[in-house]
Amino acid sequence: MSMMLKLRYFAWVRERIGKPEEDVEIPAGVATVAELMTWLSGRGEEYAHAFDNPKVIRAAIDRSHVKPQAPIAGAREIAFFPPMTGG
Amino acid sequence: MSMMLKLRYFAWVRERIGKPEEDVEIPAGVATVAELMTWLSGRGEEYAHAFDNPKVIRAAIDRSHVKPQAPIAGAREIAFFPPMTGG
Amino acid sequence: MSPTIAVKVQREPFDVSAEAAALSRGRTDVGAVVTFTGICRGDENGEAIAALNLEHYPGMAETEIESHVAEAARRWPLTGAVVIHRFGRIVPGEDIMMVATASSHRAAAFAAADFLMDYLKTRAPFWKQVEKASGPTWVEAKAEDDSAAARWVKPHQAAE
Amino acid sequence: MSPTIAVKVQREPFDVSAEAAALSRGRTDVGAVVTFTGICRGDENGEAIAALNLEHYPGMAETEIESHVAEAARRWPLTGAVVIHRFGRIVPGEDIMMVATASSHRAAAFAAADFLMDYLKTRAPFWKQVEKASGPTWVEAKAEDDSAAARWVKPHQAAE
């Protein structure tokens, strides 16, 4: 069963994809954050570029940091961004 | 050969001895800070009280911290005081 | 008295001294206040910069910082803590962010401020872009910041 | 630019924010300012106090603090450091002393401030007497302060 998700992108992930956020229908079978990155990479060159080194991309589900293996079931908003450089 | 020294006392060492400073003629044979404390202890009850536990007394020669075994030759001013509690 | 806690994420400048003063005003159980102020420098790796542009994740930035402040208050007997982080364009010499911690004793205030800074650097969703003559570039995260933050992980959390 | 250094031993109150601001004014190489303020609490070991009376060794207090500030500037790449320590009668809520350190990077500013506080506690010739209802008493030095200061002793100095 597919699910609707709000995706948000920050910093150079946002720049590469070319938009700060979008609502996306995620197909059944995409179960984790890592799988979502792989699936997004197949959506076009801008996504492939943004996720070409998925190891450096961080993610948050509903505004909490998560690991790549985190399940996405039940999520409303998933964000992708580079390592943080605040402070 | 004896030597003239300015002695200074702080905090409860000063209170026990009853004065903040004095000029004292130190007899030959008193060579270290520890020996000076022993010699001072013999000068009267107030001194014996001040130095009754010499291990807790700190000393400075010419305004630099020194250990009990430090030689006093050449000193102009020696100070005795409890462990510091600034900050 | 309960700890005085404040977290703000804002575009506007802040006043470190007013925030720090508020931590001890009207109470006599505060013996130590530590403040940290992060300031925009005029260079990045030796190259002059015109400004920093700070992007953040609204909503998550506040809750992430609040959770770290709450964790600091659990680990140390704080009487208060304030964290303010700006976003937007910041020019050299301007303040970027501040942490202030207060406690009855200095060790707790120091440790909590140090802890909060390490966590803010590696966990708070902010990203710095620098404006240079050679063009804008995103600041890269430093491995030393990750290792500094790792100092605070308790043994039972290390495997997470 | 050389580090901005100031050491003051005085009876009068001081202004932490003005001292900290002076560390970054007119220079763009400062990225981090840490301040510590020691404040007179209203109790000592649970008993209410009316005031602290701070005795010091004039002359030695300044030179001892200056030597520790110079040591901090040798150990860390500081852009500036200020230490102010008051003496005389201080009532609860009033500031006792402050340390401010500045550097291009936060780790140096934090470490130097922590180092200076540990050394001031155990090496600067100040003594606190508290005024209590039960009479005046001298504050006793804490073993934890000695062990905190011992953290900074380099291996080759440990035998001294």
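Here the chain labels run A, B, C and D in written order, and each chain numbers its own residues starting at 1.
Note that in this section a residue touches a chain if its C-beta (ideal position, glycine included) is under 8 Å from a C-beta of that chain, and two chains touch if they have at least 3 such contacts.
Nothing here was measured: the structure is a model prediction, and the numbers come from that model.
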Separation of chain C from chain B in steps, with touching chains one step apart: 2
Chain hops separating chain D from chain B, counting only touching neighbours: 1
From chain D, the most remote chain by mean C-alpha position: A
CA centroid of chain A to CA centroid of chain C, Å: 26
Interchain centroid distance [CA atoms averaged], chain A/chain B, Å: 72
Chain centre separation in whole Å, for chain D relative to chain A (CA means): 48
Centroid distance [mean C-alpha coordinates] between chain D and chain C, Å: 23
Residue numbers of chain B (touch at least two other chains): 87
Multi-partner residues of chain C (at least 2 other chains): 38, 106, 117
Contacting chain pairs - touch in the sense defined above: A-C, B-D, C-D
Residue numbers on chain C that touch chain D, as the complex places them: 16-17, 20, 24, 28-43, 92-93, 104, 106-107, 109-110, 113-114, 117, 144, 148
Chain D residues within the chain B interface of the complex: 38, 54-57, 59-60, 63-64, 85, 96-97, 117, 120-129, 138-141, 145
In the complex with chain D, residue positions of chain B that touch it: 8, 10-12, 14, 60, 63-65, 79, 81-87
